[in-house]
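Labels A, B, C and D are assigned to the chains in the order they are written; within every chain, residues are numbered from 1.
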């Protein structure tokens, strides 16, 4: 595993727990954790149960006893590491967003396509697909339970930037973070909406906005930590992204990703309305799927709150009795499980890098639309920088 | 209408509104309002739209142009007025509880039975039966949608006595109020549970308790109004009633009626669990019925939140488009509608005085059980006074 | 009252009930109901308690014993009737939307401004402002409880057009209805958002769309009623409106008005996020306001579900004890109350026709933006016709 | 760890994960798993990550390299194993209920008291105390936020026995399971209520009942597994327990534990009403605590839904960012953490065996009350079998 921030903890938990609850065709070994600083990397390895630690990811990639590289570094380094790892014949799991730019994501997708030919697989870490209720939502849609999709509404609401005195961390600087709410949580919104509906966004119109444009600088040179100072610096990423999109199947989607929704901590909500029913999901109530069955008897219709904890539900047979709740981190366990299964089966794991690239294109289209007075912008075509790549 | 407290406002609204939304076979005229004080009665009549006012209920009962007597006085006077009115050939709608004692309620039931023979009808005002979602719950149970009933849970939660400095009003004095939480809101709990299940409670075990036994006296001789003084007097009614009951069909019921559930204002909740499903209702969410369909597909089961605002739902065809909410007072409009229909059809309106008496017997059994160390107490026996009546 | 559709029932209920629960400085008399067909107008007058009926609204406007004209006809006739009534010295309550076009709304606003000089008042019927929880939301915002407003999210979700076989009624024909979801429920969304925030939308970017473009024709020449036929006609109004707006105070708003949100009947939801807190309201839970207090103690923060049924809450002192619910129609009672008070006090009632015009301008700006590739469109400019009016 | 049923998986997860997220003063090593069958024990050890397996718990207890014994066997064997382990100087964590009888629980408590003198500690596994929202509820009560406690309402609702064809497993046989809903989930209800309130139940009145008295026998001699046959056997444990209790501090409590609440899977709900506020918790919404602050401003009161995912909340600083949910199993991780801390600090871990015994006494009192016509039964005194033990 390369990197050891918050995502490192989550991925480690996934690798640690997956073999304890699921029958895996191959047993993951938590071999080496790589970080920039030897001491902190060693400490993280010790804490999270990795056998070794290192500061040299290139050397790790070259090791013959390593089969899988799990990338949980910031987005700026994803492309370089992932491409090198794939080229070295390692399966790669890369945390989302796939990269900070479409160009990088495209290069990664290209590398993944070439690796695939050699039986080497790459996956991007949109773990919310593996929250059982979200998977069940996809299953319901795929089974035709809600009919033709008409509308999709997606809100990803956080509030950690409401305070204007909240400091200017690296996440608020474009050169480091790439993007703000749009790339961080908007990427989840796009991926999950496309996953559940089984349709891709073909065009978007939107706006991204920085509501608080200056914030206190941190008292360290890189702004990675430290305490706020009296000086202020410019916030160079978006606080809020609002956009409308058309899906390939004709549905309309409305999207919101924000770090300014006061009182909402991680409220990721999606509702899909179809000709025959609807589904609604909220990550803050993650063990539940609401389903409206348009074929239910007249006078008896309504949203059914399905507690997604029955053994018939996705992933649940491995867990606890009905009514015993799962949490955020279970998505990472399911991700580890699915990745191992795909590798063992010699199949492309999903979401693929191509899926990650497509999300990246949508993000880029939203930014372009915002820059262009919210003009409708296509997500696929033409993408000149891709013309030479694919 | 005899009486003009809070219930007078609600009943007046019922009589006023019913003919505007429902096709009634006979048109109610709001003729006379009767009160003890001429000035306040006149004022209430003016405000609520009664043509006249009076202080002499006996004279009103004798008037040949009066067909219906609506009794909304405190429970102590129900029996005298209702029996006189029925004997005078007037149809009677009597607010709940039917009376303050079983003996009075039995006498009223006897009078009602005799009046019935002459085509004169009596009804007791358990209006929550006529909240559409509660009526729908009854319909679902009667249609067998939840199968054999196993358990019933009823909570009627208020909190207006939490403050120990809340004064000693007449409602807290047994000689005036008859009972506390038990008779006031416990009566609703019993009636609605029996109505929805279609089963009567056959025996009970319970406890009634006064949590704050002394409260500030009010600065008037009757304690009917005024401001709190530094003197304290004894609270002689219950603050809380907790009891368990057996229904005739074998189900177990748990009941709570309280004025000490901090933060709950009028939370009247009932859940009925059967062999094939369940229903749940909450008066604070009164346009909704939750229904669990045990026959739904595996993996798709859950409580369905039915918005009871469709034209197919009870009473709703007369009201607004789907999704437009009804409130508390609509039960009184439905009550007026149903009472007029029953009279015009020459049929016994429900709930009858016999139904009101039966609730009274349950209340008495709970009190007896509480006095007797929560011993199980039958609700029917001995009922000699009924032997000759029915 | 001119007109007697669904809104006629609601307005009649408002006039009937307001004087029974509120102390009004003047007593409304329900004099005449006007309709196009004598028989149906007479029937409606009888049912809803109007003393007379008529088919000649011009004659009614000329009657000296009439003080107030209440317009509940479709939008196409609002301007003509309202202007005539104001010119004749009658106070006017006009149902929303104020008119079908900005030009008509502007002319009405002009007439209202002139009438105001003569002590004659006009109001537009955005009754949701008078749902107590919505009024309380406005009060909280105005009192600074949520600080500077950052984001506003408004969804008005219905589903009555989900079925593609639902017929082509007059509401789906632009020449009769003027607009679809946008003008019908989007108007409410705009008005309530502006009312609660105290800020106006200055520009918008959006899209309106017709998801089902052809529907069965009805077997009558006007399409006002009848049964669906096998022929199909074009739907000429929008099914869905999605737009983003900027408020004058700098907040961003996202709006959705739809008749295709499967399973949602009348889900009108608004959430306002500020620097110090947030409020959230849902018309399907209309007795409740959710409030997030950013100043609450750390670890104790969250959305507080305020049951807006206490005597301290707007309008509530006139109604029932705490915890007893109000419904949809109470907004109309409050509207009647407020209108009478404003007239008696010689003050401009709100929302004024100018307020209604401004909503109309926003609607027009959304349409213009949609026609123009979702380009950002100002809502005020050019407003030359107002320059001479106000 | 002795035993490897469903609880074994949960305890193993606790031991595995605790050192990864919490700083522990001593590092747990997952040494040996003990089961009756060598093959299945070995398989469980392999799956859950125990280094060895064994079928001889006595031998394991004698091993000098073992410091802690974790008992997750059925209740019948708790006493023998725990007492032996404590006498052998091993710290003991014993899954709830402490034992199947008061006598056994008392003997275990006696052994624990003696071990304590030697620096050997015992704890019983009521893990729901360690769901952060439940811990926070206790903290709020202890801090006086809700004032004097008046009422406690506890419902533990499951539905896995609703189907009368559900087979007669060992859990429905008194000689094996000891008790039914009462001992299984009623024990949790009692413990959590006492934990949150900080008060013990002093007397109870209740009823336990078997709603379906005969069920299909399983086709194996012990009824431990197999498929249902056409023969039927008697259910000898309760399906439902309903009881009322008095707390030492004067509060009244109502309790329900049931396996017949159709549609409810693991709905463990507790609400505590005090003179100054209230708290409400639901295990199906386990990341949330609802708090009613009676000192909030008039008109602003209501239940606040606190998302218990902030770093200030119990246990949360070790986990994910705000708004990222925990699940059922986290209670076991917290239990492992707390147990290790107590051992390292040389302090009595809680809940102690004495706490477990006291719960057992309450359970026994409920059974005795049920057997005695729901007569009020004291939970502490006199307990003859204890007279000679303590």
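Some observations on this one:
Rule of thumb we're sticking to: contacts are C-beta pairs under 8 Å (C-beta built on N, C-alpha and C of every residue); 3 or more make two chains touch, one makes a residue touch a chain.
Bear in mind that the values here come from a model prediction, so they are computed numbers and not experimental data.
Distance between Cα centroids is largest for the pairing of chain A with B.
One rotation lays the C-alpha atoms of chain A on chain B, and its angle is 180 degrees to the nearest 5.
Mean C-alpha positions place chain C and chain D at a centre distance of 55 Å. Note: centroid distance chain A to chain C, computed from Cα atoms, is 41 Å.
With centres taken as mean Cα positions, chain C sits 37 Å from chain B.
Contact of a single residue of chain C with at least two other chains is seen at positions 264, 301-303, 307.
Those residues of chain B that touch chain D in the complex are listed here as 146, 150-151, 153, 155, 159, 162-164, 205-207, 209, 211, 240, 242, 244, 250, 252, 254, 256, 258, 260-264, 271, 273-278, 292, 294, 301-303, 373-376. The residues of chain D lying in touch with chain C in their complex are 136, 291, 293, 296, 298-307, 310, 312-313. Looking at the complex, you find that chain A touches chain D at residues 6, 9-10, 12-13, 16-17, 19-21, 47-49, 158, 160, 264-267, 283-287, 307, 309, 320-330.
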